[in-house]
Amino acid sequence: MLNWFPENVSSFGGDIDSLFYLILYITGAWFLLTEGLILFFLVRYRRREGRRVTYYHGNNLKQAAWILIPGLIVLLLDLWVDFRGAEVWAKIKGHMPASDLRIQVTGKQFNWEIVYPGPDGKLGTADDLQMDNELHIPAGKVVRVVLKSKDVIHSFFLPNLRFKQDAVPGREIEAWFQATKPGRFEMPCSELCGFGHSGMGGQLFVHTPEEYEKWVREHWPEK
Amino acid sequence: MATRTETLTSTGIPSGKVGVWWFLASEITVFGGLIACYIVVRLGSGGWGEATTHLNFSLALANTFVLLTSSLTMVLAFAGVQDGSPKGLRISLLLTILLGLIFLAIKAFEYAGEIREGFTPAAGIFWSFYYGMTGLHALHVLAGVAVNSILLIEALGDILRPNEHRVELAGLYWHFVDIVWIFLFPLLYLT
Amino acid sequence: MTGDGHRPNYFLVWVWLLGLVIVSIMASLLLRKSVAVYLIFAAAIVKALLVAINYMHLKYERLLLYALAIVPLLIVFVLLFALFSDFVFHG
Amino acid sequence: MKIFSTDHKTIAKQYLTLGLFWAIVGGLTSYLIRWQVAYPDTEAPGWGFIAPDFYNMLVTMHGTIMVFFVAMPILLATFGNFLIPLMIGARDMAFPRLNRLSVWVFALASLVLLLSFFVPGGAASAGWTGYPPLSANATYTGVNWGLNLWLVALALEFVSFLMGGINFLTTTINLRAPGMTFFRLPLIVWMQITAAVLFMLSVGPLIAGAVMLLLDRVAGTTFYLPEGGGEPLLWQHLFWFFGHPEVYVIFLPGLGIVLEIMPVFSRKPIFGYRPIIYSTIAAGMLSFVVWAHHQFLSGMDPRLAMPFSITTILISVPFALIVFAMIATLWRASISFSTPMLFAIGTLSIFIIGGLTGIFNGSAPVDIYIHGTYFVVAHFHFTLFSATFFAGFAGITYWFPKMFGRMMNETLGKIHFWLTLIFFNAVFIPMHFVGLGGMMRRIANPMQYEFLQPLQPTNVFITLAAVLLIVGQIPFVVNFFWSLFRGRVAERNPWQANTLEWSAGSPPPHGNFERVPVVYRSPYEYSSPEVVEDWLPQDRPPEPSTAARQ
């Protein structure tokens, strides 16, 4: 459909976009209905000499039905959006799919410190490797991110992966995403974090499996 | 030249009392918010049992009795207004003010003791909440003492006559400050 | 306004308040922590009610003033309940 | 002495003066912000370079000034103070001296905020929401006294509006004229007291939070600093627990103004007086349990997000009912397009867009993407701007004769309306798409990000439209000051409206009414079958034989 959004390369990105469009259709319909009705009434019932206004206070149930019924429709549509939303939320933030790649991302005033677990797959071991502002992940695999922060609140934002999660100092927040297509994308910070907030960010490299293997061998040669 | 708006009260409750109760409603949310944060952060971070042992329990106990008694003298002051005995009103008001000052003195003494032992507000999260809550409460006690003093001066100068209902309003505020302490004392000292 | 004839016995209320303070201290010294906490806060609530009803004359006031005392408490409990899941259970 | 008067009308004008002054300052900050976003690191004409931390200060001050020093004083304090006593038939507020104290505490708050611009380190720059640890430790933003004064100014502003709230509620509860039952109160009075209740019951926790933040900054406590055992998320809960009822505190009076003006210029009773009141009360209560939709991604427990997402989307129902009621008022009416009516219809049509975009933000999964982007900025400008400026201009133009005794000029008013409507939409409709493109809020230079390059032409367009929007306000300033002295002298009831303030003089004398009016009917008896004219003031005694016409 229309390309307002950056290119979506995320496994759950489609759900978010489709939910967005669902809400767009519902609210778009209400928008046209209400604004159209207002314009029509303004033109149709503008002041003309000699035309008497119909005295109509709408306080008894019969007359008030004119607004209660549309209100009920709004309620039903709201509930529909709620249930669809609950589904998608549970899928994305509700549970954590298993993954063998856990990367630690630490926000600090004005860059992302990204620590890779290395071959042993565990963080905090000797073979960890830290790179600033560069996140290398294989396409098609679930990647888990452990978000931490050294000073203030930052927000890890991957527009193309439809992913965003605040990094709060004093807490370790785990989240996941899965890229579906290789490419080079950006990962800005989307929470005000001081004078260097504008420009804080880095590059997300989504590699094909072969490229990723090559990259791993480059950085852990002795393996 | 303030216009005396006749208190044409449509609901029969004097405007002063409605106004003070609205003020107390917002004050309940202030102290309620602060106490809710204390409870939640304390339960979330392993109880602070050790830190509470450094508090001076006996001084706090004395303060509790002082404040409860000041509530009694405050309500006796209003009884003096109802019975129309200016002497009873003045004595009770004076006692309430004195008890309020004693509370503040004990509090200051307690703070001094704790700071001397090195437990300043920057000593940790428990001490932040301790000084935050008891400090804000002490400020409210100070404000109450100021209000009661103004009423006492007016009573002594015998110009309180038209505004005697203000003694009850000051009483409402004072009892509220006492109720806050009724919850602060166990939260800080007994658990 | 509060009738001159029947007025709560302020001294008796005062004695009750002191008594409850002593009870809660005994509870905190003698009983186990988990049991003592309930007793202490029950005593605190009773004391608060005693002061509110007798000293603040809520006993004689109309519904409006009761609402002004109860609604803010409900609001504080809504906030407390929401904060619990974020800070106590560390979700 | 006029300045130290306790007359609610003078106090209302003092609030209006302060509000309009701050509106100019707020407008200046928005010009500088938009210039930096459109042409990063170039000299803004009339100002010069804008450094990144200066930009953060501008953004922080724009939010703080517009919400707390323009919207609240004009919508709540000016219209509330001026209209509540007049509309319920009282001579003045219940506590005139407390009312005077509230405007002076607000003036002090304004002074403190003004001072915070000139202290070393500049004014606060941690966002108008002031999230710790960024706001709790001076080293993170480099702003020390600026942020302390910001907190003191906010605390004073809260105290001032608490006093105002006490006055509004006690006056409406106690000083209503004989016959003025609660269900004969004009809707703007209902909206003002609902807003006052919302404010008074929600500001408490934030006052506690502000005390804790001030202690963190000054006394070295560690409420919000994790290294000292504190919890940064605590502030977000306390702030937004107040923040969301606060945006309804701002919006409801604006809605009340529109609900007051529409029946007058449609010559038709407002549709569904009681459903509107029940919807307002329902929306008020719901507004206390929606706050955490600001924190879906803030590290809050994900299980908590769903209940708040549901309550947030459900709050659209009461407001939808009110919007439908307003549209139904226009049905079979006799609409005359004077300036107040134009602005009222402008408010309604713009609020509809604002309300609808709220559903996107309310739905938690969609919020994952659009949280913290310009889509949110566009959303809250459609709701807050419509209430503050469109409804505010409608109210000022409509009650100008009652406040100052002279009419505002119609042609200047219409020019100002069309300029504001067109340029407002030109600024904020494209902003939705910039937001969907992923542009984050509060970034000084979007050119530093590759994926934002295609959005830059839209940003330039928005900036030019914003400049024209600001220029479009000149007709109002001219109209306001010209009409003050040279406007046509207004009689008691220029719009032939029913509410009580129109039976007092223009401007009403001290004490408002010669004798306290007696109320016989609801305020919206327009085109009532009982009388020949198409309006029937609340305080006109019913004729002995109500000659029922056709």
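A few points about this structure:
The first chain written gets the first letter, and so on, giving A, B, C and D; residue counts start at 1 in each chain.
One rule holds for everything that comes next: contacts are C-beta pairs under 8 Å (C-beta built on N, C-alpha and C of every residue); 3 or more make two chains touch, one makes a residue touch a chain.
Given the structure is predicted, the values throughout are model-derived calculations rather than measurements.
Among the pairs C-D and B-D, the greater number of C-beta contacts is found at B-D. Taking each chain's centre as the mean of its C-alpha atoms, subunit A lies 48 Å from subunit B. Between the Cα centres of subunit B and subunit D there is a gap of 35 Å.
Centre-to-centre separation of subunit A and subunit C, using mean CA positions: 45 Å. Counting partner chains per residue, subunit B has residues 11, 13, 18, 22, 25-26, 28-29, 32-33, 36-37, 40-41, 44 touching two or more of them.
Annotation for subunit A: no residues touch 2 or more other chains. Looking at subunit D, one finds that residues 173, 201-202, 204-205, 230-231, 233-234, 241, 302-303 touch two or more other chains. All chain pairs that count as touching, in label order, are A-D, B-C, B-D, C-D.
Per the touch definition, subunit B reaches subunit D in the complex via residues 2-3, 5-11, 13, 15, 18-19, 22-23, 25-34, 36-37, 40-41, 44-45, 120-122, 124-125, 127-129, 131-132, 136. If you check the complex, the residues on subunit A that touch subunit D are 4-6, 15-16, 19-20, 23-24, 26-27, 30-31, 34-35, 37-38, 41-42, 45-48, 51-59, 63-64, 66-68, 70-71, 74-75, 78, 81-82, 85-86, 88-89, 92-94, 109, 151-153, 155, 157, 159-160, 162-166, 168-171, 173, 185-186, 188-199, 201. Contact residues of subunit D toward subunit B in the complex are 6-7, 90-98, 162, 165-167, 169-170, 173-176, 180, 200-209, 211-212, 215-216, 219-223, 228-231, 234, 238, 241, 510-511, 516.
Residues 11-13, 17-18, 21-22, 24-26, 28-29, 32-33, 35-37, 39-41, 43-44, 61, 64-65, 68-69, 71-72, 74-76, 79, 82-83, 168, 171-172, 175-176, 178-179, 182-183, 185-186, 190-191 of subunit B are the ones that touch subunit C when the two sit in their complex.
Residues 51-53, 55-56, 59, 125-127, 131, 133-134, 140-142, 226-227, 230-233, 266-275, 297-299, 302-303, 305-306, 309-310, 313-314, 316-317, 320-321, 323-325, 327-328, 330-337, 345, 348-349, 352-353, 356-357, 359-360, 363-366, 368-369, 371-373, 433, 436-438, 440-446, 448-451, 522, 524, 526-529, 534 of subunit D are the ones that touch subunit A when the two sit in their complex.
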